[in-house]
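One chain, chain A, links the two complexes that follow: it is found with chain B in the first and with chain C in the second.
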Partner chain A sequence: MEALNEIIKKCNELAFDLNFTRAKEWKKQDNSRVLVGYMPIYFPREIVHAANGLAVGILGGGDKKQIIKGDAYYQSYVCHMPRGIVELVLDNHLEDFDGFVFPSICDVIRNLSGMFQLFGKGKFVKYLDFPQNFLPEVGGEFYKSELQHILNEIKKINNIEITDESLQKSIELFNKNRKLTEEIYNIRSEFPWRITAADVYSIVRAGFVIPVEEHNEILEEVIKLLKVENGEPLDKIRVIVIGAFCEQPPLSLIKTIELAGCYIIEDDFLLGSRWIKGDMNTTKYSPLDSIVRAYLEQSTFSSSVYDVDNPKELRLLNQLKERKVDGIIFAAPSFCDPALLDHPILQKACDDNNVRYISFLYSENTGQFKVIKEQVGTFSDSIKLWA
Partner chain B sequence: MDNKLYTIGVDVGSSNIKIVLLNYSENPVIIDKDSEKIRKRNPEMVANSLIDQLLAKHNLTIKDIAYIASTGEGEMLSRKRGHFYSMTTHARGGIYYSPGSKTVVDLGALYVRAIKVDDFGKVIDYKMTGQCASGSGQFIENISRYLGLAIEEVGETSLKSTKPELPSGICAVLAETDVINMVSRGISTPDIIKGIHLSIANKVVKLLTSVRAESPVTLTGGMAMNIGMVQAINELAELGKLNLTITANPDAVYAGALGAAIWGGFRHIKLTSKK
Partner chain C sequence: MSKSVSKEKSMIIQKEMIAGLLKELGNAKETGKKVVYTFVPGNISELILAFDMLPVYPEINALQSGMRKKSEGFILDAEKLGHSEDVCTYVKCDVGMMINGNIGPSGEKIPAPDLLLLSYTGCFTFMKWFETLKRLYPNVPVALLHTPYQEGHKITPEMTKYMVKQLKEEVIPKMEQVSGNKYDEEKLKKILANSSKVEETIIKIFDTTKNRPSPIDAYFAGVYYIGPINNGFRGTPEAIDYYNELYKEIMDRVHKGLGPITPEGEMEKERFRLVVEGPPNWTHFREFWKLFYDMGAVIVASSYTKVGGVYDMGFRVNPDKPLESLADYCMNCYTNLNLEQRVELLSKCITDYHADGFLVNSIKSCNSFSAGQLMIMQQLELRLEIPVGFIESDLVDPRYFSYANIKNRLESFFQMLEQRKLILD
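Moving on, here comes the complex of A and B:
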């Protein structure tokens, strides 16, 4: 237990270090290394790794950064995360980064990529448009050209051209990372009392800012420790938390939900690290094509993906069954259009299938949880006593 | 060990911890109850000491207890098996003490909640005060301290009032200033206290109206032990023609802990039958 606590403490420090100290140290060890910051949700980190780089997740200032300048760039009806990111860049937290990638989610992130271009930070800024056409010869080719664009930008910095071998090796490392992360979620699903959702969050989030090799070692150690029984099951309900895929909830919010009588068995926090379901298949396609195919064929569901042939509400209900969950908590950031536009569709599916749910809004710097605690607590009571 | 199904409910309040030992069945029986002031100590330590004392007194061990349920601010208790929310537990405790009640009003130290319940103690609807100290038991405790009264004396003192003096009632800070002003103006202690009671009762009556309370109404929580408070609520309800029978059981302060113990037993059976 002490060993696990030590790892969690270390992961906490790494995950919430707004100066990205470990990533910057890593870069200093070799002149050809590059740091590429990427915003939520998903970015194929494999390509940066293969080009001797580290893709660093930039998830906002959370509740650890006071927003002063950031508010000047966004209207009051825009979510909080981009303000935090603007604050970070203007306060020089992102110095030493060579480039920034803005995967397409919504207009706010698109605008943020424009602001970064105006700030002149980094050597390149790329708005990464994901295909909404899932035919390999259409969307696949487009996506491949988008990835190639990023690789070209990195090559301009360190003159490294990736090879199939180097990309293959990177894919294997990230396949392992996804597998280990999934295993932790599986253990937690079976024995949720062994580790809290907040601790799992910190462990997974640490992987956003350190080399994948180091993160894999951490995950392996955590799994080894989680296989040993510790603690006792409490009488709580099992829930999925959904809606938090981009702007991250404060750690205290995750703790509050669990304190209020729930085990968070499944969630979409840090969704990018679990975006691809299963391994990328490099036996059938070239390594770069396998990354493209994985996106087209193995992506999880999310508000930012057009999924008319594979509706997200059905996938949510399947997840509910697979994880043997009692109810769903829709927790979306305030003013998050993608999440909030999805809620009526998802909630209708819940109503039609007698799935219990509640919903509330948060922002990354929410500090008052009394009302949320009351709401989640009574939700938990109602399921425990009357379901 | 006998065949009884023992459960314990622990209600961690802002100033007191209440505990109930129960023999759970379709007709639950309270075996014993106790409470203790926290007095700036670690609430978990106080709760554990209360649990240990109760177990020792009844020659029981922790293994004899099927379910320890916490409520109030008791989420952090490590010995608990489950936690229930104050609204859920007060609703159940309220109808145990006053069977047939249709509405339970939890007069707590920090909040007041008006809860409509069914015959099983299930919450049907509720309304509660916002985070304003002037509508809470903590406010009365503060005022009684200023006036040099023990909290137990407050109720009786209020009954002696002949000309209640109402505070501004907008917020605790202003109301406390009002009270200082009243003292300097020579207003008698019973009239000040009665004025405070009426001010809180006014909020309670508003909650009862907005939740469309049905009679009979039972009061729970620490303030329900205060006969001056109960009388003030009744006076204003009558004045507002709410046509409600409002009563409080002398043990109403234990309603939360009792409700937790009852739901703990209920939940224990539900979990056991699932297996």
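Moving on, here comes the complex of A and C:
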């Protein structure tokens, strides 16, 4: 227990370090190393790794950064995360970064990429347009050209051309990372009392800002420790939290949900790290093609992906069954279009299938949890009563 | 203000065009014509026409519901179904209209779609919108055309290739299947040849604001002028006639030295020339416009009139390369330009049309436009040293139109322009 607490403490420091100290130290050790910041949700970090770089997740200012300048760039009806990111930029937290990648998930992130261009930040700014067409020869080809564009930009900086071997090695490391992360979720699903959702969150989030090799070691150690029984089951309901894939909920909000009578068994908090389901298949495809294929064929469901051929409500209901969950908590950032536009679809599926749910809004710097605690508490009590 | 308000010939032509389309839609079930729901930005209406199908534009229904004071009820009904207060009100207005029997703003029932053509240039909400519609019409096929964003300030060959492939592999086969017609490239080329003529005339029309006084208001009247091209008429002979007639009328005003026509007649004294960024408010359109013309403010260019295509940076469809042209057209729509391109385009408008000030009408529920607008303002102020103003409203949710607030802000803005004029003089 002592050892686990130590790891969690370390992960907490890493995960919420808005100066990205570990990543910057890593870069300093070798002149050809590059740091590439990326915004939510998913980015194939493998390509940066293969080019001697570290892809660092930038998830906003959270509740740790006071927003002073960022508010001058956004109207009150835009979500909170981009103002946190602008604050980080203007306070020079991102100075050592060589480039920035903005995955195409919504109009706010898209326009934030333009703001970075206007700020003149980084040696490159790339809005990564994920295809919404999932045919390999159509969307797949386009996606490959998008990834190649990023590799070309990195090459301009460090003159490193990736090879099939280097990419293969990187893919293996990230395959392992995803497998280990999934294992932690599986253990938690079976023995949710052994580790809190907030602690899992910190452990996974640490992986956004340190080299994958180091994170894999941490995950392995955590799994070893979690295999030993500790704590006891409590009378809590099992829930999925969904809608929090981009602007992150404050850690205290995750804690509040659990304290109010829930075990968070599934979530989409740090969805990028679990986006690809299963391993990337490098035996069937070339390494770069395997990254492309994995996106087209093994992506999880998300509000940012066109889903008509594979409806997200069915996938959510499947997840509910697989994880033996009692109810769903829809927790979306205020003004988050993608998450909120999905709510009626997902909630109708819940209604049609007698799945209980509640819904509330938050922002990354929410500080008051009383109302949410009461709401979640009532939800949990009512499910227990019915059960 | 001169009180004479008479209908120009172009207005009559436009009215007849729209009435004709509505009639055709009304008779679609009898005539067997297939109905395609699609969007304005990046609307590949030429291809729809080439398949002899009829377009319906949910945004246009929403904005007209807003103008006819029907949107609030629809929005409230959608919110009762779980739609958030925070999201695009066009979507909610549309959903509300559909669950209330799909009776369009003009009072006629809009036929259900045979195809949902999701070409969602420059805004993710379009994708979410059609995911919602797909649940309302589960048996209707969706053809998706994903338009890559101009993030690197240009259209690359890979982007065009991706779009052309989607047209060939996804869109055209679905259109063939739904319409029962084969793709006829020669027919499409002829339609596109008409489009390119229309594009030329549109440029000339919006360029007339270089004159003093400006003969037109390029925002409030501009939204009427772009009506036909946004409503599926690009590429039709009617559109050529309409725009030729409109241009003739405007040039007549130029020769007579007349200012723009407003709902209360001709604006006699032009005091301020503005460039406006962002869509207008539709629920209080007349009051909103009046706040400007009462002060002698004329809009000499607006970004909103470029949502259905940006032609003033040199883009023209090329009938010899039909699918590539459709692709490039989509990628060139205003909201598909990156922020720096938007700054450059607005900056060009301010300079070319000799604007005295730049104004943002920020729409609460439209992140595609709004996120980043404050930085656009800063950039323009910095680069051109031009006074900038900022107001907020919504597209079709009347709860977010605060007349007093907007009036106050505009009055201060006009005062600032006035003072600056005195200093410059």
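Note that the second predicted complex is superposed on the first by the 386 of 387 C-alpha atoms of A that agree within 3 Å, B and C clash if a C-alpha of one lies under 4 Å from a C-alpha of the other, contacts with A are read in each partner's own complex, and residues count from 1 in each chain.
Please note the rule applied: contacts are C-beta pairs under 8 Å (C-beta built on N, C-alpha and C of every residue); 3 or more make two chains touch, one makes a residue touch a chain.
Being a predicted model, the structure only gives us computed values, none of them experimental.
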For this session: Overlay done on chain A, so just call it for chain B and chain C: clash or fit.
Result: fit
Exercise. Can A:Lys370 be said to touch chain B (first), chain C (second), both, or neither?
Worked result: first
Exercise. Of the two partner chains, chain B (first) and chain C (second), which one does A:Tyr42 touch, if any: first, second, both, or neither?
Worked result: neither
Exercise. Which holds for A:Tyr357: it touches chain B only (first), chain C only (second), both, or neither?
Worked result: neither
For this session: Quick one: classify A:Leu259 as touching chain B (first), chain C (second), both or neither.
Result: first
For this session: Please state, to the nearest 10 degrees, the angle that the Cα centres of chain B and chain C subtend at the Cα centre of chain A after superposition.
Result: 100
Exercise. Should A:Leu234 be classified as contacting the first partner (chain B), the second (chain C), both, or neither?
Worked result: first
For this session: Look at A:Trp26 in the shared chain and tell me whether it touches chain B only, chain C only, both, or neither; answer first, second, both or neither.
Result: neither
Problem set entry | Of chain B and chain C, the chain that contacts the larger number of chain A residues | C
For this session: Figure out whether A:Ile345 sits in contact with chain B (first) or chain C (second), or with both, or with neither.
Result: second
For this session: Please work out whether A:Trp386 is in contact with chain B alone, chain C alone, both, or neither, and reply first, second, both or neither.
Result: first
Exercise. Just how close are chain B and chain C at their nearest CA atoms in the overlay, in Å?
Worked result: 20
Exercise. Which residues, counting only chain A, touch chain B once they are in their complex?
Worked result: 234-236, 259-261, 370, 374, 377-378, 380-382, 384-386
Problem set entry | chain A to chain C touching residues, read off their complex | 72-75, 77-78, 82, 104-108, 110-115, 117-118, 126-127, 129, 131-133, 135, 137-139, 141-142, 145, 303-304, 306-308, 334-338, 340-345, 347-348, 361
Exercise. Which bits of chain C are touching chain A when the two form their complex?
Worked result: 81-84, 86-88, 91, 118, 123-125, 127-132, 134-135, 142, 144, 146, 148-149, 151-152, 156, 158-159, 161-162, 165-166, 169-170, 338-340, 342-343, 362, 364-365, 367-368, 370-375, 379, 392
Exercise. Which chain B residues qualify as touching chain A in the complex?
Worked result: 67, 75-76, 80-85, 87-88, 122-123, 131, 263, 266-267, 270-271
